[in-house]
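Each chain gets a letter, A, B, C, D, E and F, in the order it is written, and its residues are counted from 1.
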């Protein structure tokens, strides 16, 4: 029951050098290796593409804050019932937002979470992209601009929701198990 | 109404060399530049990650045929009402499968399309990953293996459905317009 | 797999004279006999009632154009995943509208099709009748009148959506197969 | 609030002779004119087609009993929230089945109604045709045959569900009001 | 098929005195014992809690009328397909509202029932609480106040919808059968 | 934003003696007063009925364990997006089950949680009662008995799901805010 993935998980020694280096770097920073790195390494080319995409959107400077980017991940992953993404990115959100309650609030019902009006508008749009993107209209973009969002921010909101549409489905396909460490990270009050 | 994308589309001359080279190569092969390349080039890093992911799954040798991979794209993109993906990948499917009717059949209702039993099982699983991946179970994988699918093929089915969960949402976010050429490609009987 | 219907299809020679005459007339005009005529002739009284209803709404002069009437058929049939109706009426729409791309656009997502504002309002209402007619309100009719629709046009929009609610279910019940000819009709640019 | 329809209702004297004759005959038999006749007469050709279709399926001898045919109408009309059809055909069902409770039971939840196993199978299939006809499969028909249904009965079940898919949408479009008489007809125990 | 509940129904003689007294009182008033009392008495503590809750909300004086409270029960129970609650409370509504048609109208589609504007607003909110309470917002409450509802009335609307969310599920769990008497009560015109 | 409820919250001194005593007892045991007690005390009779119902089902000895009862609360409250119930009962579940990860797993997707086969069957049934109780059948109960469930346990599963159908709707109506204490309770490994 406690295996990391439904698919084979390669040994670190068997991985291509660039992937092993990334995993070692993550371990050195976090103190453990999040299971997503080990499980996705089953397919090195897909690993490289996924994390390149991830870094381009989640580690990007400017525009949305890093905490806001994680809010999008948690809100949409909760709607997709993605065990790994809600638990792991909930932890990252707690740390980045320095609000220990926010991740759980968003995971249950972002409509009742402690959000600023801008964050609420952001998550409304992210959820629309996640659940019924074919209804996204020019009027939606005009409304977001009316709330002060730039076109680059609008793309980022939609693109993060889209990337985790992929990520949630892959994690559910793998039955990817979150590391126990994530459940308690960042829970102490700031 | 006939613009390619809701977001800025860069001029070819302004693109990084690797992206321009890819676009030129596509043009030389297809005789035109599919709009997805121009529109996604608005974000070079995301362009690179997306097409690397795409090539790893759609151009892969062995296991699923290339036509089967396109069937997954068309079936799941139709459920997401993705204008670009259904029209463009419908054309590619017609060409790869050498069955001029199949793409339209799958786009309307894959349950009544001219599929082999193996293809039907493949699309049932792809649609489950696309629509309710959190219900994917060990029993689903056992059933697929019972139909002769290898674990590598099972991953590919799920991963293609997951990649186009992303792609459909991005195309809908951009209001990405398919090139007129796609509508008629591959319609002549084999 | 390539049979026309799940139910018996009568030979032309065995049909009542009026039904045979209708089928001969269709053949002379189109160059082939659309399968819907042969399959529905299994029940002559229902054949007569259905085509009388069909002609009253689809061949009617004045008000909505014939192309607009077919747009309603394609948009609602796509939501009901009706293989026969989307393929056959898509062909008729291409011919009547003299817009070779419009039928496929509407079949995938009418919200992103090349529609006039009047056509968009028309399809929004048709889809509401098709999917949640119990929510149709006096306010909906007032809004349509505000867009210049007459009460006769409003009835026609709703009645065509209602007739194809029947037709889609019958075609799906029969597993009615569209003739191969429909897939390519009207695809040449005007 | 108490008008019969959202659209014009013609005076009896203004109707074509055949339609007036039908309405007079109904009045003589029932003691009142059900509103559906008056409202649909707004469009004489559609009136003729609808009632020809209706009679072909609801008044047909052999196969399904007339009460069973009405059960299909009530079960599917309830799911479409069709005020007129549930109230009017509920009354007809009470009279035809000589079971005063059955119509209300089916209207609320056919799964808990006093049905024979054959009737339950019949309504399961009718509801599938009403709600997701694109999923009807050869296996469904084989199962119905296994419960002793003939192919003619299977067509009838599906066709009645399809006809009331039309009828429910038209009644909801018109806001067709059931006559007060229907609410109490057939409620006395047999 | 005609049993009262899927679970054991205690004999009157075996019940605790307070519960028996309540049942005797109901019998003396109504002339029969509604099955809900007998079936729920299988669990005396839950019986006491349920009817205490019920009386606090349905028998309350002031604010919403007793008929309005029953409208909420019928509208939300119909959406939950609760056989017992729609039939039994439909009868009570007929009696309390002195409108013999209203209960059936609300059960089929409250949107087309003979409601005052205030009652329509009341049922819109009750249905929102019943079906998607997590979307209830401060704006909803402000709108209700704008229609003249007090905060005590707003609580009552939501609380009755919430209580019958429980009651509908319990009745469906038990397969609780309504007494035959309910079907005809209150049908005579006032 | 940080208020406890949308409705007035009475001062402890203003409460009836029995309610105040209950609240004092809870405070003495837990070290704080969960907001549900304060907010529901706005309506003393409903407070008494709710907590009587709650205690009858959640504090009951025998049959389901107390941890299993809390699993039902968390699984169904998550589907109803009830902020208060998921956070507060998640804490109670962590403490009662002595499994610090289980509550978060069930809240995201009980299908991928660390459950025994018996617990999985229990939650499948609880979710069916919560979401589509009108489909509960005799076959469902037979299957539960086949997994060793007694009829008393089956009632309890359904009744807890039903009680929290009420509780979730009330908490969402009130916008009931969970106490900060709940988020971290029981997270230390056993």
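Note that contacts are C-beta pairs under 8 Å (C-beta built on N, C-alpha and C of every residue); 3 or more make two chains touch, one makes a residue touch a chain.
Treat the numbers as computed from the prediction; the structure is a model and nothing was measured.
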Going chain by chain, each one touching the next, work out the least steps from chain C to chain F.
-> 2
Would you identify the chain whose Cα-based centre sits farthest away from the centre of chain A?
-> D
Rounded to the nearest 5 degrees, what is the angle of the rotation that puts chain C onto chain E, matching CA atoms?
-> 120
From chain F, the most remote chain by mean C-alpha position | C
Whole-angstrom distance, CA centroid of chain A to CA centroid of chain B, is 23
At what distance in angstrom does the C-alpha mean of chain F lie from that of chain B?
-> 44
Can you list the residues of chain E that touch 2 or more other chains?
-> 81-83, 109, 111-112, 134, 172, 175
Which two-chain combinations touch?
-> A-B, A-C, A-E, A-F, B-C, B-D, B-F, C-D, C-E, D-E, D-F, E-F
Hey, which residues of chain E end up touching chain C in the complex?
-> 109, 111-112
Sites on chain E touched by chain A in the complex = 134-135, 137
Using the touch definition up top, name the residues of chain F that touch chain E in the complex.
-> 6-8, 42-43, 45-46, 48-50, 52-53, 56-57, 80-83, 129-130, 133-134, 136, 138, 141, 151, 155, 158-159, 161-163, 165-170, 172-173, 175
Listed in rising order, the residues of chain B that touch chain C in the complex are 1-2, 78, 81-83, 86-87, 100-101, 104-105, 107-109, 111-114, 172, 175, 180, 183-184, 187
